[in-house]
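Here is the structure we will look at, set down as structure tokens.
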């Protein structure tokens, strides 16, 4: 029984890969708080063994599973930049901005039919788009355009290189 | 007693049909078409108010069923015994569709059970956005263009707006621009390269006309060594 | 020494949270292939113990660290962020795409008997499917397929893990 709960805790901490609060663990596992704390102590001790590359550390009344610091060098070597594709939502918004720039958020939302706030933040953070001015209408909305980084990534020398689309 | 079932609860006409077959404990391979058609129509009638857009698909199926029913009722002319043996059951297509649909409906339930953990499964570690974790974006131009086309295709067809073009583009100006551009480039350039100086279609059109005019006036010479190769432009 | 390498493997697999290829492990750890395989066998065995909620499984000449399947229900409950469940209609379309990929919208509509535009948009936005090309027929319709995110969401290591369709 204790083994099962410990195993479940391990699985939860692993899956989340982030701090999980004590109250949340108590609720998910349906065990008394004192017992949980007891189990956690045991579990932390087990991870402390040599031969284990992971550790569980208490953080802000919660617990976090992470790698032991001894292995930071080897891990640094193995950090392959995570390859990611843009989400479809981001890709569609980026395509719209590329072809219709400069363009405001409201215009993008009208065309896509969905909110684009989060996608825009994401594209800004990745340096694919930037604010290029404001539109001279009521509210002075920000205009967005693609960046130099966008051209570089897509192997374009200028926006004129974007393939013409049949109307 | 028939109980009312909201048509919206069915994910399409095949779903409703499957429901009726199961409810009446019918054999999918030997569907009594007349019976099922009546049941089906009855369901459509009892739904009362409905969303026409969603209803369309149900009505298409109704038409199909009625057609099937009438085909089965009509006596076949000059039938020989062999013909009957060989004849394809008109219901076959429907049966196939129903079986296909049922298969994927089951697969969908399986997926859902994986999502809720009712089916035993593994969980991956949730990718957290660790700071300092470098990201490399996988991009390719063709997916960008496809994405744009997808957005455009989804757009409702807009009323064509009459737009009066702003500013005039003069062919004469473009002729001057070409000569200046050539001069800046040691008297030579390529067709593709030349067109990088314009940014709108109207300008491109004017530029093209200007180029033709210059060639006619023998101020510019255009050559192409291999078909499809970029055309080379040179000052005479 | 062996302990150290095992600990490092554990740390690497955890950090990636995804399949890590054998050749890559050999390179990062600088151990001979045979020794690596031997260590992996040992490690996999250790994880096999009760009281452990994680496992290491071989996937396509690589290894993946993930949760044991015994804890499915508890983990499904604690997945964060609580994403809105897919509608039944979306699930049916997703299942179709998963089994028939690459597949066009028209093919999906033929099997489902209903329009799937809205559902496809939804699945694209969630990153569960993506455009994988165009079909070389008139009109060049877009072909759709499932993504890596789809596999992760449903706890599959590859499309081969999809249950057999009943006949």
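Letters are used for the chains, namely A, B and C, taken in the order the chains are written, and counting of residues starts over at 1 for each.
Note that a residue touches a chain if its C-beta (ideal position, glycine included) is under 8 Å from a C-beta of that chain, and two chains touch if they have at least 3 such contacts.
Since the model is a prediction, treat every value here as computed from it, not as a measurement.
The most distant chain from chain C, with centres taken as the mean of CA atoms, is B.
Taking A-B and B-C together, the pair of chains sharing more C-beta contacts is B-C.
As a whole-number value, the distance joining the C-alpha centres of chain A and chain C reads 18 Å. Between the Cα centres of chain A and chain B there is a gap of 30 Å. One simple way to say how far apart two chains are is to compare their mean CA positions; for chain B and chain C this gives 27 Å. Residue positions of chain C touching 2 or more other chains: 14, 17, 65, 67-68, 70, 74-75, 77, 79-80, 124, 131.
Touching of two or more other chains is recorded for residues 123-127, 143, 147, 150, 154 of chain B. Interface residues of chain C, counted against chain B in their complex, comprise 14, 17-18, 55, 57, 64-70, 72-77, 79-80, 85-86, 88-89, 91-92, 94-96, 98-99, 111-115, 117, 121, 124, 131, 134, 142, 152-157, 162-163, 165-166. Contact residues on chain A toward chain B in their complex (touch as defined above): 11, 14-18, 79, 81-86, 88, 91-92, 94-96, 98-99, 111-113, 126, 153-156, 158, 160, 163, 165. Within the complex formed with chain A, the chain C residues making contact are 3-4, 6-12, 14-17, 20, 24, 28-29, 50-54, 65, 67-68, 70-71, 74-75, 77-80, 124-125, 127, 130-131. The touching residues of chain B, when paired with chain C in their complex, are 11-15, 57, 61, 97, 100-101, 103-112, 114-127, 143, 146-147, 150, 154.
Interface residues of chain B facing chain A in the complex, by the touch rule stated above, are 123-128, 133-141, 143-145, 147-152, 154-155, 195-196, 199.
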